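What follows are several structures.
Both complexes below contain chain A, partnered by chain B and then by chain C.
Up next, the complex of A and B:
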């Protein structure tokens, strides 16, 4: 079954039950399941009040009453003994629910205890318990239940006991892994450090976090127990003194309902089983979605179409001092995210030009829209993202309004990306060579397989990976090698623009230096234009030609590298530089900027940096500054620049 | 741990599990109350000496295990029993010779009964599994790809409903409908068909298989659908899918070359684990459709309290499931290159 077992986050501390209910009541599946379950419980409890006949007695019945079709007297007809099917049906819910809940209770207690003990105490005990669990897990449970019940007395108690005692294996496994996860949490370690006993820790710290998962699992276990009970009864192993749905079917099927055409005697009991099991399934599935919310959004969902909310304006950037031609011309680009009706403005009105052979640094704190901007350049935004205005001209063609086919051509052969975290960006079950090959085959179809092979080896050697690693899987590479392989892959189709998204995060300093040198060398050798996304202003100073500083989704400042470092005009750039060590002024104190960048769905009305800006004045809080153009192709968005 | 160590460990564990099943199977049918001869034959008129003869024939006159009596504190006996003269040893020796005892009901060797029924079950389970995997996986993929659309929602509900259906009930309903619409009312072949040409017979078996296979497919398709959907949703949110998209690959290429293999990994495990449930399904389906397979044998053995057959079927089922799990583990290690490195 598809109930996933993922670690569940602790509930919000303020009135957790109320908060839970608020989310729960929004989940249609869970609510429908709960309502269906409550209905069946109410029916079971008040069965004597609902049923028109006593299902146990068949006194006063004649052979003429057998398998009578539904009528006003017998809403669902009569069965093989002439008894009222509707009454038996209502009473049948009692057996199902009793067996389901009691058997599941036994299973959950056994599985819970074994899981917690194994997970919490670990070591040999855990090994022993889990091996035993594995052993039982492999043995098919229904045949075992059938055999044991057949060999003992088929009483309700026996059935509950046998189903319960054999149904705990999945629970034990799930609880164990959750306990393992909880055990290493800080507050458990802390409790242990201050000398709390094991029992105290288990009851007060571990159990509350295991409980939600246990509830979801319990619902699954109940539904399985109900299905098992009905199967047992259908096979003739039910308690002869208690009417259950499975037993009704056993009687009807074995006693000629089929040939009598008595569909009501066959369909009704099954409907009851489906009702209860479906109720539990829906509730369990919904509950899991509530406790362990998943976005259920992925990279292949169709993106939102680009819209143009404003008329195109002439490029604000005049011809730059560079002689080389413009490769990428981004004009007034805005990107928004639409989630459940709320709109978050992630990028607003960003313009820049990238020339052949130019390396542009894209800097700013996390959450300032850097990644969104570069993903928009290749239209790789997630499904909720949308280009809400602007253009991205590449070779005179607007990527923002290109068709899927045109996009597929531009991607990788025109603009390629070195993703951050190459471990996740490479497919773990395919070799690195194979993943490079598919890009070449796609974009340079004229190459013969031999040529492609040669090219892959060349590319790998270009980034310092020997040919024998071609057929290795990503997990066989070291972290630095993976990042270099990612670069080789990015270069495989001779792109003109390479976007490097923090290519050196999570790598150690030596490897970082290697990768950066490599990128710089390749740029010079192949004449690439590179957009380099980074937090490291030192690297930018050393390698880049120009710098775009982003803050809160807008361009704070854009100029060549000398201007940015020597004459920054935007307070944000100035503050960033203060936080960055300078070798020429070793005695300089490093100062970090207090506060955090604004949330994209709650942007300030005026300048986005105003709340943190040391130079902010009244106007900054109410009016957003426009992008002022300064001499030397220098742009800064700050009211101070105007004066 | 290299690959060979991994394989050996898995094989050793499977052998141990089989041993456990063998021992469990023995004690299950010995320790539980009741005299197997009396309850087995269920004939009160059976004379004392006839009972005794039966006991000797089934080896029930011998002690269960060495010193079984001495384990009983009330009746301490001497322990001078030859361990080779016990029921447990006889059971083990017979097992190694492929002997599973005699049916109480027909007096035929259990191994023969199971032998002829095994293939019928494999035929039915094979067809049903194949169909449910193909249909479930395809619909699950489609649902994940079209996530958060009405297609996805419909597939999800279909999967949940299918999962909630009691197998035997669905069988009964389909049989009820089918018997009124020209389908055979059960069994594997029309009586007397054996004198007809082979192709005609095959067609007849096919006709008998349709309804049981549909029942099987509907019940198990739901689970494959749900697992595939959830698994593919996870995979499609991975960074390497974005990489593939950035490379300019088409949606179809990404699904085929990057998502499918990764998403299929959990399915392989589920298929093996399902084999246990599959047997449960087979018992129900074969009971409803009187299909002459192992599941049908369980149903009949239960009706007749034919314990040797029940014991034999249980052993066969449990061992098959253990072996299927082993095969799944090995397949997994070939599909996922990361297993070798762990």
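Up next, the complex of A and C:
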């Protein structure tokens, strides 16, 4: 994943059911739908207690009682036979709900079984089942239902059966595709490796992951079944012994309610149908959002503006004496995420300078804030994140407070990013050449198409891809080539700073070596400054000039590469080195750092590394260490350095 | 212990003997009108013996066949040719029932701890699943006790505090420990570890490798450790087998291969492993291109198109493993005397 910046999570619920309810209860649509549905179910169950009259008997048989308007006696008036409309309406909900639930149950069982069997077993069986499903899908449901019901005895049971048995096709298709997706996941392979049979895998591994989808689908199938029943009854094919809303409409239409102006006889059952279907639809869509939170957009929302929370903190880091000029000057940068009222400090008070032609290693464990830091450099933070303090000077301009227009100039043509996981960062349906073209055209609109074409070939050759691969799609590239293409894309607008976010993490060692060699060559040839983000200390030692070690959102240590590896002062750096395999000492036993990095929404009070630090003493637990400056532009945040 | 398959030889010393193993996948016809079929030569003539309690590392780039080899050993893929003896029994072709009972003794750890745990199961359910599947420990108390022991053996202590949690509540390292506990609960004799640490942070890799090393010490489990990174195996492998395009090109004791690799491919692979010391930056042998596709294999030595020291004869002679010492062998004609 390219963006891993959402590091804060809400407090973890103790069970998935409780957690589900917590999210569910926040979804207004789902809650409204549920309440509406519960109301109609309660009404249906307690119908005899609610209704003032027996719906089967007429209130009176005098002609004066036919189509009486709403009154205190008959709240919703009377119908063509002088029966109380309100009572019929209440009883009608029973039929609708019974048909809806039972028919949907039949559909869901049939569709679920066919979908799972087809998806799981595949092969000929799948072909047979899915072609049968397709066949049923082309035949229009309703006419078929009408024909079958008309040919059989119109009873409630028949209606349920026919609607149920014809309504499973979409369910089967959805379940099949979900099953296919689940089947290919690694835990299914693991279950097979354990020795589990198909039945066990389906029940324990496939079903639980298909179930949420099935529930959402079931709710929509219920509303469809209710609509189908109403249609049938309206057409006069309903069970004559059970009053349903469709039948009420049928009678009202057939017996002159329109000409009598008896709107209540028509509006009441109509309202019932709309109410229940709306309830189910709201609930269904709400559930879908709850169960698949990714439907909400994340990174496409506009970024927040920088908030300078306090007066400018004086830079702890004095300007460094180096021959090459400073390209990027980051001062006291802090980034926070605000989620549901909780604030997580993802990056705090990080300062560094990047010189022309310098390669800086940015090292830290997952969740240490390194990805957040580099996203902040370009102000590409997700919507919940914002720069809360500090400056990012690029050519003297502060990116932290720049406008969107100014940012557009800096992004890609000033600072570009080589994303992690080239497979996901490339668009699979467009050729690689096309995707490079997009970046060039966007940033250098003055180029003619011919020039752009020439530039694309030039860029590809620069990263070691021959021109004939220009019009190929990403899937025709190997893993190493895709990463090269990503680098070509990052170079397309002549940036001075390239941020490489774990560019070799998923690659084989030999391909990794090729990519590293390429980056090193490009740096020398184009005078690029590169920020190399990684958790691999070996790569940093081979490539970088300086290293910034991050821990829990803060700078643990920052120095030139030789100092970091041969005279580290921060215990975290020292421990990290002990945990790294070193082929020059193959007999060395690796020492892992006990414990886990802190969660950014629950940071320790003192030094962030103190809970895992072998050298921690009392002061470390209560007081956060300053960034101490040591000779040779060496910074370490540790109380031990002070003494 | 139930006997599986036909009993061939009684070799107590070796837990696993692989002889001339081949696994080909169909890759469709070369053209619409051509006859015959293309094959992906994923594993092509691999022989390997594993002693009881031994750790062998299978090293190679993607596409070298190391993962297919492990899936074939596991019986998750059917071997095309050759034989696999496990504890003296032929396990190359088994029916479902025999395969299932064998699973109790050969277990596998997968690469991605984020993907290989079912997100809807609790840790206890995940770890006890193998016991349920095999009908072992029928009483709940007994089962819970074995799950607890497996979790603690895998370093998740106290086990009670993990049992009711879900995978998403654990870190990557903890999840990989759960995967290991799920394999240990059956008390297997052989563990196939397919890149068990490549998805983890470097700081956590050490603890997982140390855990495997400890398990091998305390339980005498044999381990086949599959990886693309020679750097991570140095610590606990007894022997290293380097694979290239479906073949083992060099095999020997860990020290022999790491300190004096003889095959040009092993030499290149070793040279590109980063050393965490900027003072030891060294000359790297970076092979150009990528592993060719295993459908149209190069003639002669499979490595010759990328080999930095290839000579004319390499294009025509397919080299066999040459014995360099009692324990060290490599397949390169330049090594023949």
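Definition applied: the second predicted complex is superposed on the first by the 483 of 643 C-alpha atoms of A that agree within 3 Å, B and C clash if a C-alpha of one lies under 4 Å from a C-alpha of the other, contacts with A are read in each partner's own complex, and residues count from 1 in each chain.
Operating definition for what follows: a residue touches a chain if its C-beta (ideal position, glycine included) is under 8 Å from a C-beta of that chain, and two chains touch if they have at least 3 such contacts.
Note that the structure is a prediction, hence the values are computed from the model and not measured.
Comparing chain B with chain C, the partner in contact with more residues of chain A is B. Contacts of A:339 after superposition on the shared chain: neither chain B nor chain C is touched. By the touch criterion stated above, A:249 is placed in contact with chain B alone, chain C being left untouched. In the superposed pair of complexes, A:580 makes contact with chain C only, with no contact to chain B. Of the two partner chains, chain B is the only one touched by A:263; chain C is not. Of the two partner chains, chain C is the only one that A:204 touches; chain B does not reach it.
With both structures placed on the common chain, the touch criterion links A:590 to chain C but leaves chain B unconnected. Across the two superposed structures, the residue set of chain A contacted by chain B and also by chain C is empty.
The part of chain C that touches chain A in the complex is made up of residues 61-62, 74, 76, 96, 99-101, 103-104, 107-108, 110-112, 115-121, 129-130, 133-134, 164, 166, 168-169, 171-174, 179, 182, 186, 201-207, 209-210, 228-232, 234-235, 254-255, 258, 268-270, 272-281, 284, 286-288, 290.
Within the complex, the chain B residues that touch chain A are 13, 17, 20-21, 24, 28-29, 32-34, 144-145, 147-148, 159-161, 163-170, 172-173, 175-176, 179-180, 185, 223, 226-227, 229-230, 233, 236-251, 253-255, 257-259, 261-262, 275-277, 279-280, 283-284, 287-288, 298-299, 302-303, 305, 307, 310-311, 313-314, 317-318, 321-322, 325, 335-338, 341.
Only residues 1-2, 4, 134-135, 138-144, 146-148, 150-152, 223, 227, 230-231, 234-237, 246, 249, 253, 258, 261, 263, 266-267, 269-270, 273-274, 277-278, 281-282, 285, 294-301, 378, 380, 407-413, 416-417, 419, 421, 424-430, 438-439, 442-443, 473, 475-476 of chain A touch chain B when the two sit together in their complex. Contact residues on chain A toward chain C in their complex (touch as defined above): 12, 14, 16, 185-187, 189-197, 200, 204-205, 208-209, 365-366, 478-480, 508-514, 517, 535-542, 561-562, 565-566, 575-577, 579-584, 586, 588-593, 596.
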